[in-house]
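Okay, got some structures for you below.
Below, chain A partners chain B and then partners chain C, in two separate complexes.
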Partner chain A sequence: MKEAKKKIENLGGKILEDIEKKVNPNIDIPIRTLSNIVYDSKTRMLTLGGKSAKRFLFHTGHAKKFMQTMLISAFCKDLIDQNIHTSLRDLFYALKRTLPNSNENTFDEQSESNPIVVDLEVMLNILREQLHLNADIRGRVVGNVVISDRGDTVDLSKLGSGGWAIPSNIEDIKFKKVNADYILVIEKNAAFERLHEDKFWQKHKCILITTQGQPARGTRRVIQRLAIEFDLPVYVFTDLDAYGLYIYSVIKYGSIGLAHVSDRLGTTNAKFLGLTMDDVDNFNLKNFTIKAEEVDTKRAQEMLKYKWFQKPEWQKLLKSLISRKIKAELESLSGRGLKFVTETYLPTKIKNKDFLD
Partner chain B sequence: MGYENPTKSLLTVTKEALDNSLDATCDARILPEIFISVKEIGTDKFRVRVEDNGPGIPEQKVPFAFGKFLYGSKFHRLRQSRGIMGLGISGGVLYSQLTTGKPVKITTSTGKKIHVFELMIDVTRNEPHIISHLIQKNPEKWHGIKIEMDVEGRYMERTQSILEYLKQTAIANPFAHMVYDGPNGKIEFSRTVDELPKIPKEIKPHPYGVELGVLKRMLLLTKARNLLAFLTSDFSRVGRRSAEQICRLAKIEFSRNTKNLKVEEIERLHKAIQMVKLIAPPTSCLSPLEERLIEEGLKKEIDAECYIAVLRPPTVYRGYPFQVSVGLAYGGNLPSNTTCQLIRFANKIPLLYHQGDCAITQAVSEIDWRRYGLQQSSWTLPIGPLTILVHFASVWVPFTTEGKQAIAAYPEIIREVKLALQDAGRKLAKFVRQKRKYKERFLRKQLFERYTPVVAECLSKLTKKDQKTILNKLEEFIKKKGETK
Partner chain C sequence: MKEAKKKIENLGGKILEDIEKKVNPNIDIPIRTLSNIVYDSKTRMLTLGGKSAKRFLFHTGHAKKFMQTMLISAFCKDLIDQNIHTSLRDLFYALKRTLPNSNENTFDEQSESNPIVVDLEVMLNILREQLHLNADIRGRVVGNVVISDRGDTVDLSKLGSGGWAIPSNIEDIKFKKVNADYILVIEKNAAFERLHEDKFWQKHKCILITTQGQPARGTRRVIQRLAIEFDLPVYVFTDLDAYGLYIYSVIKYGSIGLAHVSDRLGTTNAKFLGLTMDDVDNFNLKNFTIKAEEVDTKRAQEMLKYKWFQKPEWQKLLKSLISRKIKAELESLSGRGLKFVTETYLPTKIKNKDFLD
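Up next, the complex of A and B:
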């Protein structure tokens, strides 16, 4: 924690030096857009390239963001000094105020403060948790796993229907006992509940994790730690649409938005279980597909160009999404009967090792 | 001819009297003091009074000046003046007589006795008819003319109104002091320039501009003994050589008596004139509206921020010298989202009607005003807080209609107006740019001043250095940036 504090204070010191030297005060922030994302085919990770942009105080286009960066830096320093943890939403409210002699706010929406927190992480090369900021909490686990968290021992097989909610900070959690053959990561809550109710994890000796949409950092870190520390294969099970495929890629390679921490969040051995276009044909799901919207097609077209989707089988899948203009949700499997997913689909796929990588 | 409807008629009567007063005072080198009164005296009946401090008219000339139509009296007088614009004041006298049946009352003095006439026009004989003539003492040595007419009319104070006419007249004649006592109260137009414009010189016509009918008339009326002498003495810029050349081209002997020429010969002569190379006419006959007058005039009547005036050198169209000047008033209280106001003048007389048919309007519309920081749809007047003034000075204004409210679109005229406006537009663009720059700089400074206290506070927290010291240093930055950029 001292490392983060020191880095933040150094940032302030650097700006003071600029002022003393009569240089326009500036900070250097690595660029986080696709243009500066590098896919390393050796490590199979998305990482940030070398491009960065300067943010100046005396620049009409930068001034406000510079001021916002300062506000968040000072706020985080306070958090560390007082040893308090808080959420991004709290941070937004704590810093939102109207500037004197104007009707302008320091921040109008949380969507303004969130990216600046990421700026700080990238710039100082530290994690948000080290700044005492909690990430979103999303994602649940169920399976034969025993952990210890803040001194409590928790058995993830005995948490009833809800399962274990993954916290923001995974670093201090210890996995005491794990008894599973693989991890099944499910995009959607509903499908997770179905599998949990059917005791799929007991019958098939696996760990079930739902990401509840785009996986939060905590969820990604849990998947990575379980996969590495216990050498477990990871199978990702999402909707058949561009967003589902992207969720898989985020778990595997890291995301464009958080490329600076891919090494701490990516699970390179993750494999894509489904749904695939072949599943639609092989399992007779055609009647249960729905029409793709324009945004789906557009997203698929963008992803066609991503370096980490260049393998022929992925190109084929993306192109079939675009040409057939359909998508299939996990729930569509219920069209073949409520237990079709647990009794037929998943066992068949896993037995045949019918995965995309 | 200015009497198409009651509103326009009332304006025309007033305007004829006012134009005469301005011409009379300026010709006599007297700074004009003009009083105009328009009062309702019955349903659609008005009494119009115009009084000036001009030289007055000798008593024997009064009946003819007001009670007879002077057809073509100014034919040979190639000198720029206001009174070439309509039927003249006699038209007003006749209109008054036809609509109310009352005589016109004229009071005048050259500084001696005061003569008060009541006049009517004998229409069939085109002769003045004196109803009464009183002579009064003049102890204060007053001189000038006071005319009083009762006319039918309708009064409005909108775009094409007496008030607008006076306002524009005041802009083009800032050396005149005018008081207007209208149906809605008194308005004063102050004098902001104490010098009169120079008197334009009279010139002989230049052959290029002479029409066939005029040429015939000149040949009849000339005092020259033969054709060669006529050409050299009655025209400007025709020397002996050019005159001989014209005669040879027309195949007419030099010595012919001008009064005996046949129609075909005159036609040949007219053609020959156009074929001979002649020097452009002298331009000393022009009295342009000069830059200073434009600026002063606009300043006193239009509440704007920036005033620009441009005077072009004199040029010639078809043998007639002319000179264009323009003025722009920009910003201030002018409405910014409407089409700009265009005010047109010919020889210091406002042109209120037929704007759409006028060469001036065409020239204004053909300019790309977006270059000068204004909005504009193509081929229309620009939109923005702008008043455009265009003045056309010439000994002979080529009006398109008998109403004399629109100037004909000769390419030379359009070109001159455009050149003048483009020159003014460039100056305007400079002003607009500077203003925008200043505003940007101000906003920029304001922006930085809003953020720096927050930045200073945060930096102080991060570094434990004094907040005030940091803020002072940042403020120094803002100050310096404002100076250098």
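Up next, the complex of A and C:
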């Protein structure tokens, strides 16, 4: 039986027991506000602390949420039984209705159903994808990787110029064969396409993954699974600005909003390849930097305080962003010629193991 | 020789001739402000009118733009010669520099280089993709379609749950085999995934394409090429709101911003499948509609005036959006059950040919 189904059934069984024992039916939900999010320096991941709160059926402040939790649990069990996947928006519509003989709706807004799904994730310690609830899609892959997905065998090295589109839910995908020395994760699709066109992944025996901005859950999961299942180093290649550095941080440590699933979405061995401020100086990119906005500087100042950015090299990089008030995009490397990134920048950085960790 | 290269060389040749004839070197660029954008009721497309303007080398107001036009033309010819593709952002960085013995930059901002690329598109009557300048990516396809792309043969019916990711540039892609009765274009990825999971494209012998919102250029081009090269009907399936109806309008007639390439990006035979206000009433979706925002109503009022929305059925639909102040999302169909869209709604609409044109 699927893990998620079993966990939902156990939850239902627990409630039934409460009823039989004439106990006020209740569930225990770990708290996920900032006060309960901790950086675990051993696992090097953002995780939830030990605090949790009880939700009761017979409690004027809890009753509605309790009902909503049960509705969504039952709905997800149905999804798993029928082997159907859907989105959070569809779930909201599918469960929205007016309760009989009342003016009370099960849900009025999707903002009520979304957090209950996260409650389930936290409480049952599973991914929402395992509840058959798909997330947004974004991200593409190219490299010597063969996958099996819904009965199809797909060779990610033979998909033309577009590469493989990472689906919203990769829980049931199998990586059957991988032939690569490392994974290069690239923030922007334009740079990914440039590398793909220059056959960088063939020449350097690597897997290229573009996140297309902040990585979607599916993309984070693909990076983690490839890194762990095939013991591959991961190098992250982003713009030099607070936003880019945070993309690296999310890939490596997990994100604040999804701290409860860092162990399923984070890739602790990921290293930051660039762009760094030293790159700007060493590769003569100064003419191609742009002025940082107020919001960039503010974000860098926040990040200076994060526990997982306390190493001297990171403090130095963040401080240089603040003091020099510049940023550099991946595309700035084109200022040195369109093949500079594939023929000079990346080979030099990777050969010298010039990474931040 | 590639069409685009030939056209750039002709442009260069013309300037050289001007110089030899001691004429002030000049180029003729069709105007693309709103005043020169017309709806052609014969071709049923948005196109440019006949107005154009000359750009001179020796003219204080034109000289810089003339230089920029030449720089970009030469750069694109290089891209074609080397068979390299790149993005507008990379082009900007690659050409940005300070002119010798001056404080004058070739380009200060990308907002200067972008319109010159459009100038070239209009002037040479080619797509920017033919100049090897890639656009944003968005959009996926699944169905019985076999393509050839950069030497790879890809069967779009065998790509697992994600489908085929439409690349940013599909000019060099060949559609080798297509076995379908029609194309169903879907605004949202969630609905696309639902249909894909239910094997709708197999059961109904069609091609599914999701635009993921406003269609990217590559997606519009794929729809048009499949429709024309294989003589397939196209049905567009969007949210019931001004934004959704405009997605249909862009696919069919072209967009105001890209009116000069409507003949390459528009699909005149596209029909609107839904959601319509009649669907809301006939399929009992009233409980799943949501309140329209001010901005929705305003947009619908603008669209009421567009020449290509003057048919009584469109006027009726737009007016109903304004008067009833509601909208309905594709996901609202899930209010009737998750398989309602695949088992009831779409088969009914398609069987009854219940389309707007």
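Note that in this section the second predicted complex is superposed on the first by the 250 of 357 C-alpha atoms of A that agree within 3 Å, B and C clash if a C-alpha of one lies under 4 Å from a C-alpha of the other, contacts with A are read in each partner's own complex, and residues count from 1 in each chain.
The rule is short, and it goes like this: a residue touches a chain if its C-beta (ideal position, glycine included) is under 8 Å from a C-beta of that chain, and two chains touch if they have at least 3 such contacts.
Please read all numbers here as calculations on a predicted model, not as lab measurements.
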item: Touched partner set for A:E294, first chain B, second chain C, both or neither; value: neither
item: Contacts of A:S73 with chain B and chain C, given as first, second, both or neither; value: first
item: More chain A residues in contact [chain B versus chain C]; value: C
item: Chain B versus chain C as contact partner of A:K96, first or second or both or neither; value: second
item: Partner chain(s) touched by A:D231 [first = chain B, second = chain C, both, neither]; value: neither
item: Chain B versus chain C as contact partner of A:N189, first or second or both or neither; value: second
item: Touching partner for A:E331 - first (chain B), second (chain C), both, neither; value: second
item: Partner chain in contact with A:E104 - chain B first, chain C second, else both or neither; value: first
item: First, second, both or neither for A:F58, with chain B first and chain C second; value: first
item: Touched partner set for A:V154, first chain B, second chain C, both or neither; value: second
item: In the complex with chain B, residue positions of chain A that touch it; value: 8-9, 11-13, 15-16, 19-20, 22, 24-25, 57-58, 60, 63-64, 66-67, 70-71, 73-74, 77-78, 99-102, 104, 106
item: Sites on chain C touched by chain A in the complex; value: 79, 84-87, 89-94, 96-98, 134, 136-137, 140, 147-150, 152-154, 158-169, 173, 189-190, 193-194, 197, 212, 287-288, 329, 331-335, 337-339
item: Partner chain A, residues of chain B touching it in the complex; value: 444, 447-448, 450-455, 457-459, 461-463, 465, 470, 473-474, 477-478, 481
